[in-house]
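Could you have a look at this structure, given as structure tokens, before my questions?
Labels run A, B, C and D following the written order; every chain starts at residue 1.
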Amino acid sequence: MVLLVADAIIAAEPYLSEADRNLGDGDHGLGMQRGMLSVKEKLAALDAAAPLDKVLSTAGMAMMSSMGGASGVIFGSFYMGGAKAVAGKETLDANGYADFLKAACDTIMARGKAKPGDKTMIDALHPAAATADTVRFLSLPEAAEAVAIAGETGRDESTAMLATLGRAKTLGEASIGFPDAGACSVAIILRTISDFINQ
Amino acid sequence: MVLLVADAIIAAEPYLSEADRNLGDGDHGLGMQRGMLSVKEKLAALDAAAPLDKVLSTAGMAMMSSMGGASGVIFGSFYMGGAKAVAGKETLDANGYADFLKAACDTIMARGKAKPGDKTMIDALHPAAATADTVRFLSLPEAAEAVAIAGETGRDESTAMLATLGRAKTLGEASIGFPDAGACSVAIILRTISDFINQ
Amino acid sequence: MPLLKKIINDPNACASELLEGLVEAYDGEARLVGRGSIVMNNLKPGKVALLVGGGSGHEPIYHGLVGQNLADGAACGDIFAAPPPDIVLEATQAVDQGNGVLYLYGNYAGDVLNFDMGAEIAADMGITVKTVLIYDDVPSAPPERKSERRGIAGLVPIVKLAGAAAAQVTTLDELERITIKARDNTRSVGVSSAPGSIPATGKPTFELADDVIGLGMGIHGEKGVALIPHQTADDLAPKLLDIIFADDLVFNPGDEVVLLINSLGSTTMMELLIVLRKVKAILNERGIKVHDTLVGPYVTCQEMAGMSISLTKLDAELKALWDLPCSSICFSKM
Amino acid sequence: MPLLKKIINDPNACASELLEGLVEAYDGEARLVGRGSIVMNNLKPGKVALLVGGGSGHEPIYHGLVGQNLADGAACGDIFAAPPPDIVLEATQAVDQGNGVLYLYGNYAGDVLNFDMGAEIAADMGITVKTVLIYDDVPSAPPERKSERRGIAGLVPIVKLAGAAAAQVTTLDELERITIKARDNTRSVGVSSAPGSIPATGKPTFELADDVIGLGMGIHGEKGVALIPHQTADDLAPKLLDIIFADDLVFNPGDEVVLLINSLGSTTMMELLIVLRKVKAILNERGIKVHDTLVGPYVTCQEMAGMSISLTKLDAELKALWDLPCSSICFSKM
């Protein structure tokens, strides 16, 4: 699953870089691509029987140490932070997925100090995590789809936001009208997860 | 007359620069323009009764000190060198014109060490001076026209020549196929003189 | 954009290959450390260390400021990307001489996130780290939110002064104090007229209409705060200086400054000198004395076109530090 | 070509305005002389003088090489045009300290014609002048017609060495001898991938197809001796070095050299460093020791894209002169 996410992000490089070009320095897709290529490499080296949290933390570490930039720490923390929440779990259910997303979101917010509304990837991840929390009772496929939709909605809503953090900050009003690049990545990640679970 | 030549050269700036772009650094027209603007300025300051040689040497000095580049010295020497030959003369006849051109050509060749065939302005000036020498018996209008034609022929013949001097030298074979920029200037100068005398 | 015929190898290997080349440029004075750092050889034991760094693609900074009486090392990221925490850590361990390390870098979210993580791990290992952020780009935030400003070309005089201090102080606190003073005495403002390109994609970092230039554009090609008509050097220079003089740092007649006119890449030295001509005239009118003038492409964004003006106000302490000779790829002083 | 939004004033006044700006960059160390020269202040009486010069538009050279232990003055022409004789004369009179003046400039018809005339008039005034022409551009003529070659980026190490010598010698002959040795020990070769433009017209100095680069192109954008396919840094570097090694100057294992990787303008420092990486590897293989490496835009042609490699072979005398500190806008050494 993590590998599918990697491929989806790698395939989306031009789109993600373009998104960053509107508000930032145009390299978000390249950074994510660099990170995901490293994830694939590191996971290939990992033995197949490795527990879920080990897979996730390995992926997170790979991104953190290969990407650099804001998203290296941010998206590295996504997997690394989330991994703790699923320690010991063999498989994921709606409950575990909710725990994972909450832990990921909390870790990133603690690190990056971004709040919802700052026009960052948090604006896709936070609503997604909140949704996951409210649909714990659903089946994983149903929950994952609800989460994916929440992420996409959050990404779309970031378009209208005024950037108050990161590179786009200095744009002020000019930052309105474009979705945040990191939010675009989050939407792709959550969508890929749901499609995998639902296929 | 010298003023008409100045205006003709200034008007030909793009054409002369383009010619230099093919073989040199593309600034011949700009240098000649700079020189001729200075000529007009200096001659305006000169009293109208100034003798011919004074007018010519003033023009030559103006070019020499304002243009720089190869053509500053070369074309400055054209007027300054030629001026000596017409010292004391009130007006120009075919004889005087021939003397002027021979002196101009000799001065430039002494300075620049260029021989006919090196693909420089000499390849227009030298045949023109030679022609002038052979038509001393003609009327000035007839002689001036013959000289103008000789200059234009020389310019055209420079096209086929292999550059062995100046910036174009390093082009080797690549220098063949374009007329020399300085030769183009000479042709314009001699043509303007003839048209003025014949009008 | 015309097709750019860059003289490179693998477009995705530019950052690592240029760093290898940079180390070669030091002719044995510095070495490659870990995955992406350059560090001076034979640092004095006990020396208070100065570490700079940031994304690559802005050469000759940051890594070109490693040198004698300048930075002791630099942690380098990929093109336009802050170095990851483990590279920061590798550099920190290499420069540390037991007396603490000062991090000095530009104020960008990515850099702060990564350097902070590196600092945390270094602290766990018993290395004392302090951080001074560079934020000299006046138009990027109002004075009351100064600490949100970006770091641009003003980093050159700031690193020069910090490097001189690092060569002389005995404590990290002392280095921090002087570096903060250098930072707080530095203001910059710039314009950009054409984008640079991202080596990996060849794509321009932004687009700009033919008749406008971007005021306050970032050195990464981030959009500026305003688009103004393209204009002459003599019209532009006073506008830029007014932005600096309108800020909270007061420049009085008699004040001495270091002046830097920086090219973002393809803006020619000819243009910088024509701008300098006007800038000096204005400073003279105001009675501001220029102690030293720097002009050239120090902080670039590939072949981006544009320039910036930076002023660093000197007091006696900073002036003495400025006059200390230094040597590096980016900036040397006899 | 995209529309160039140069930051200038009157396009025909660029040369004079940039020179005024350049003088300002010296913060009182140098002054404007006559119509187009920059000359160091308080030269030592009796000093053997070194005068450089040439057309403008190639900043930071030539006039940026005026400085301490470098050139005493520079005679500057209009954009790409050699200075007229009277400017050469004004500069000559200003730098002369009664012990003779050495002219050191690039081998171009225009420069030779104008400097020679200046020298003649100076001689009439009783000033002893000698001339050393710089011709380091290997591809521009075969070894047997070496003296017909153009002067390109190799002028930087040559002027640096001549300037150091001028600060120490007591006779013009001695300065001439050392300068000739520096010139004869220097070789360069370059490529160009995109034209610069003439400020007055905005016109590119030449055109080049999208898939080729010009080998041995002049710094004025004169056509090169050959067009070769655009290629990687690792493919190009050996080809360029082979041209130098195939020339008449022998580089033996153990020889020490100064290496200069020069950008013609918009070629980025990143690219230069990637080329340097390969060049150093090749020199190491050959056992040639690089005593000092210079990398950056020293000799430019506006925003022309391209780079050159220069090698200057050092003997004991030249090495000692190289190590003398110097200070200028173009090149400083601690």
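Everything below uses one rule, namely that a residue touches a chain if its C-beta (ideal position, glycine included) is under 8 Å from a C-beta of that chain, and two chains touch if they have at least 3 such contacts.
Predicted model only: the values in this text are computed from it and were never measured.
Touching chain A and chain B together: no chain.
Taking the mean of the C-alpha atoms as each chain's centre, chain A and chain D sit 53 Å apart. With centres defined as mean CA coordinates, chain D is found 28 Å away from chain C. Chain C has its Cα centroid 32 Å from the Cα centroid of chain A. Shared contact sites, meaning residues of chain B that touch two or more other chains, are absent.
For chain C, the set of residues that touch two or more other chains is empty. The touch graph of the protein chains shown is a line.
Each chain pair that touches appears in this list: A-C, B-D, C-D. The touching residues of chain A, when paired with chain C in their complex, are 14, 17, 21, 23-27, 30-31, 34, 64-74, 111-112, 165-172, 174. Those residues of chain C lying in contact with chain D across their complex are 1-9, 14, 17-22, 24-27, 56-57, 59-60, 64, 68, 191, 193-194, 199, 210, 213, 230, 232-234, 236, 265-277, 280, 290-293, 295-297, 300, 302-303, 305, 307, 325-327, 329, 332-334.
Residue ranges on chain C touching chain A, taken from their complex, read 12, 55, 77-87, 108-110, 113-114, 117, 140-141, 148, 150, 198, 200-201, 203, 205-206, 216, 218, 220-223, 225.
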